[in-house]
Amino acid sequence: MEGDLKVGIVGFGYWGPKLVRNFAEMSGVILEWVVDLDEAKLGKVHRDYPGVKVTTSVGEMLASDVDAVVIATPIRTHYKLARQSLLVGKHVMVEKPLTDRSEHAEELVSIADRLGLVLMVGHTFVYNGAIQALREIIASGELGDIYYVDSARLNLGLFQPDINVLWDLAPHDVSILRYILGMEPLSVSAHGSAHVRPGVHDVVYAEFAFPHNILAHVHLSWLDPCKVRRVTVVGSRKMVVCNDVADVEKIRIYDKGVERTYVTDKFSDFHLEYRYGGVHIPYVPFREPLAVQCEHFVSSIRHGTTPTTDGREGLQVVRILEQADRSLQEGGVRKPLMGLLDGSRLVGAGKDGMAVSGVAHGH
Amino acid sequence: MEGDLKVGIVGFGYWGPKLVRNFAEMSGVILEWVVDLDEAKLGKVHRDYPGVKVTTSVGEMLASDVDAVVIATPIRTHYKLARQSLLVGKHVMVEKPLTDRSEHAEELVSIADRLGLVLMVGHTFVYNGAIQALREIIASGELGDIYYVDSARLNLGLFQPDINVLWDLAPHDVSILRYILGMEPLSVSAHGSAHVRPGVHDVVYAEFAFPHNILAHVHLSWLDPCKVRRVTVVGSRKMVVCNDVADVEKIRIYDKGVERTYVTDKFSDFHLEYRYGGVHIPYVPFREPLAVQCEHFVSSIRHGTTPTTDGREGLQVVRILEQADRSLQEGGVRKPLMGLLDGSRLVGAGKDGMAVSGVAHGH
Amino acid sequence: MEGDLKVGIVGFGYWGPKLVRNFAEMSGVILEWVVDLDEAKLGKVHRDYPGVKVTTSVGEMLASDVDAVVIATPIRTHYKLARQSLLVGKHVMVEKPLTDRSEHAEELVSIADRLGLVLMVGHTFVYNGAIQALREIIASGELGDIYYVDSARLNLGLFQPDINVLWDLAPHDVSILRYILGMEPLSVSAHGSAHVRPGVHDVVYAEFAFPHNILAHVHLSWLDPCKVRRVTVVGSRKMVVCNDVADVEKIRIYDKGVERTYVTDKFSDFHLEYRYGGVHIPYVPFREPLAVQCEHFVSSIRHGTTPTTDGREGLQVVRILEQADRSLQEGGVRKPLMGLLDGSRLVGAGKDGMAVSGVAHGH
Amino acid sequence: MEGDLKVGIVGFGYWGPKLVRNFAEMSGVILEWVVDLDEAKLGKVHRDYPGVKVTTSVGEMLASDVDAVVIATPIRTHYKLARQSLLVGKHVMVEKPLTDRSEHAEELVSIADRLGLVLMVGHTFVYNGAIQALREIIASGELGDIYYVDSARLNLGLFQPDINVLWDLAPHDVSILRYILGMEPLSVSAHGSAHVRPGVHDVVYAEFAFPHNILAHVHLSWLDPCKVRRVTVVGSRKMVVCNDVADVEKIRIYDKGVERTYVTDKFSDFHLEYRYGGVHIPYVPFREPLAVQCEHFVSSIRHGTTPTTDGREGLQVVRILEQADRSLQEGGVRKPLMGLLDGSRLVGAGKDGMAVSGVAHGH
């Protein structure tokens, strides 16, 4: 494709303004339209970006010559808006999660495939330099066998009207776990509670079983006094903490571990030694992940390539969330994920996936 | 009782030296004996405390005129040593947990009752100034309704040869939760994994349901790069974090919360507002909790009073740990606790328990 | 003044893009021109803000109907550009420091006065919510007598080609000190060293004597591994730390102090007691200080009012910096400031100034 | 020397109890006597250490067969007590600073020399694992040329009745600087203020010039809300921060620096680039520095070797403090140190001193 890429953005709520800023400043891209139902918000867009057309009608924007549509609306509207856009031949990027039902996500994937259009989902952390560094550290084998992952995503607020905290925050954790481990989870169990609105979970603890006996535990809360965005990966040789809330020093690698010394004659002589080494904080150049994500979308369209977080990736995440939510509604009953997931679409399958498998085979 | 209290300590491993130091420095107390099977350790005791008698024979110490015995040996030996000591008329303090089987704990409680002896268990955190402050903050009603408690107790190491991480660390969390909430848990579910030694869980996530819809989640690990000892209590009006690893500023009270605004005509107008206020860090005078605990033991003997963490308290904690361990072994099946527990022995039942109940009734 | 205010910005280096973004998004303002000598930078402006005219000629912009000019160029050019702009009737906001010579600053003040134009200097921290809160805390008398202020402004980098670290960073500290204390310094002494470029100080320690025996110490460095922006104010009753690098919790008020107990008969009985109380972290709503500053400039023009950091304020700061730099060049010789400064233009003179004086009179 | 070393300790105030504990627990040492004027304190010693003799008479202790005397009394008494002890043939360790007048320190050094006795001063930080690691990092040349050192030693309290904050805290900084740089300072300038007691400085900023253009700045305060014990060393290639208040991770090595790129034709093309690399936190095994120090004293007596912080080292520090105090009293006038100091007694002179010189010669 030649010339400037014309983009229309639907939704000017929480993510919309950030997307507008990114596309407005990107070279080779013309931000043509912003759509929202709220006239006051459109007025603000018009004032700040006089060159951008605004409308309350999605149809008006879709009827124009925009090449790509970016959807940043409430989750329940993702399917309808994405479907509509794809069917008139637009490339589409949707905020996470792709949809709130896997059947809908399947249909979107199928339409995009059939029409040869790019369908991408905004799993932002996959474009976050710290998470990318974490993935590389794991893939390098430096940590030894991976024992477990503990992820916490907590803060006060940002309740969404139509979803629980699992659907709001877990898309991040699920996409991060699949991306850094290079594997699909085998099963999930989720517990939680609803304190502020009856029936809407605002605190959730979910546990994902991955191959090679790797356990991933995820703590989500809309009701914590401190903002936490932390992923801890514990390996047999080293341990890593990725703290995304930190301005700098997001990744800390601990050269610590347990050394096993087996003594065979008496069980009571079983002996463990600990290795306490230093901590290394690598320098991770950091760009705004949303900017990287938006550029990746544009680049995928331009070069006809598949985005890292394409529709199939989005579909897998929705399937996992659906099962996790079923477990949550049933009080923590463990739900299988294996048959559901299509391993061929694993992010990082192939070379990287192998690398991680290789590490874990050491068990 | 008049005159100096004579004390014998059994076990000079991890806690033993700390107990020896505390009793050696306490006025009105004579540390008479230290017992350990390891001659080298006894040599060190003799060198540092020339006035203290040492022996490898528990019988020799029990045959002496010591008034009280302090037991700081591996858990599987607690029952036998405590029973033996009580039966020859000694007051007894046992390191936590009281025993590894509730039947054994019941028997100890019964013997102590019958013989009119003090039986106390070393739930140290109940004697920790920060945890005491946390209990007072909750009891004051300042936090509003209690929504949930999240507790994390993590570090690298201190594997014990004969128990898993639940029996090693959860006695702290269980005694803290009962103490600060002033209630018994209704049920427990525990998940976990064993990475270093087959069959011995080194990472556990346990969830306790308390009355009034209060959820308590506990994360335990022997395999984390960072030492964490943190209890977060989230209420409807305020939130508190108690960080015991901090040297100072262990308690932080966040004046934050969710304000519910109901709009009746349309569900979609349901509206939440957040209140973001300041943080208050009260000054909490801090003494070594073990010193407070040891003095409480001596004072209970002297005045014939029941220790805050007496045998019945220790028994309740063992019953809870047993059920939690069963859940862990069965992959997280929720286990009831209600019938098992004897509410009359709740720490802080009565005035304080009422206060907390009162708060929670606001639900 | 009615209608939209038309603004031209000169300089698109470090501050320029931030200023462009702020004025572009402000309602009631039209960003008309951006001037820079670098065509590539202008290309970027044109791409992101197609409605803004760009030029390499300051004259072309000054010949237009812009109402106000914002100058964000190297310091040595401030005087010439500001003078030129004022003389053709434009209101002017200049990045700090106003000029590099006090004679030049005096002339600018005089021209602006004569022509009835707004002349403002960008002492950003005066528009920073945390510094404003700090000023209020001091003015309230809550801290007791002010003993001393310690300010540190450190990081690695941002060397400017034509100035030393004093001229680069101390405008912040000097404007903060005058603002929060509501007084002019009486004298200054500065030491430092030049490690990277001969003759250009990159590390400076300056000490300002204020009335009432208040000492202010300022540490500046372009060569520190950690980014530090911290002001500590020690009073006889309480102490405050303002940490501008923190994302949240920028202000901490320590309820600590020394209690003096005089015993008259023997000097050796002189006795001090310490009061160790809690810490309070007030909630300080925070807006981007540059946005507040830009709005204040526009509002001053619209309503014909004097900006808080007007030309006279800028002049005082330049006079202080000049004396500090002389002290630095002479190896720390203390330089008087009293006669030089025009107390009538003290920020916050009057009610606030009195309040602080009142506090300090308690000595 | 054979058999157990008999030790007497004078003074049971702040350091006394820590010294008593260390010598009581050291093998090969018998703590024979504790001397204090306060009977109540002696009662406590007697209770905790029944085997130790107590007295209010220094003479009684000196008349006994103790081999070594440890002096932990107010500074003004150091000279008299140390002299008295040396003259009756006892080895002596004195708390820092050695004396409050250099003539007195000279006399003590001379007596110890003449009588062949060990005279040691308790510059504890020289026995601190983190400071030892810092010295090794500097000596390795890893930091490049040393540009400057910034040291801060702040807290609320511990006013001593007879000295100012310089004499109280700066012995630490002066001994640390000499130890880690392996050089004597060339001159000193000190400023400060007295807020709580007239004439007794409680806040001091001192600046030491070292060879090779190395500047060391020291900030001391008895009036700061936060406890700070931090040494920052900035080199041309790397930078190190040693934070002694941290429980772990006391040393952080920043792989950051300024890269100079000279362009010769135009001054304006002078160009600096920054290198932003990772942070490394080495694992530093940590033992209580006072224990290391006490063992070093005993070992020096046993083997007839010179302690690292012997009387001459103590004398140099007193000379430096005297000049710093003169500068402080004269409002910051720079005082020379060169002629005063006896370079041959520099800690680490010889191999290590050379190593550091070598690094610095790179200037």
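Every chain is named by a letter (A, B, C and D) in the order it is written, and numbering of its residues begins at 1.
The criterion applied here is as follows: contacts are C-beta pairs under 8 Å (C-beta built on N, C-alpha and C of every residue); 3 or more make two chains touch, one makes a residue touch a chain.
From a predicted model like this one, the values you see are computed outputs, not experimental measurements.
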Intersection of the contact lists for chain A and chain D: B, C
Smallest count of steps, each to a touching chain, taking chain B to chain D: 1
Interface numbering overlap (same over half, different under half) for chain A and chain C: same
Chain pair, C-D or B-C, that carries the greater number of C-beta contacts: C-D
Chain whose Cα centroid lies at the greatest distance from that of chain C: B
CA centroid of chain C to CA centroid of chain D, Å: 39
Mean-CA-position distance for chain C and chain B (Å): 53
Residue list for chain D, restricted to those that touch at least two other chains: 276
Chain D to chain B touching residues, read off their complex: 24-25, 27, 47-48, 50-51, 247
Chain A to chain D touching residues, read off their complex: 249, 255, 276-283
Chain D residues within the chain C interface of the complex: 147-148, 150, 156-157, 159, 161, 189, 191, 193, 195-197, 203, 205, 207, 213, 215, 217, 219, 221, 223-226, 232, 234, 236, 239-241, 252, 254, 256-258, 260, 268, 270, 272, 274, 276, 331-332, 334
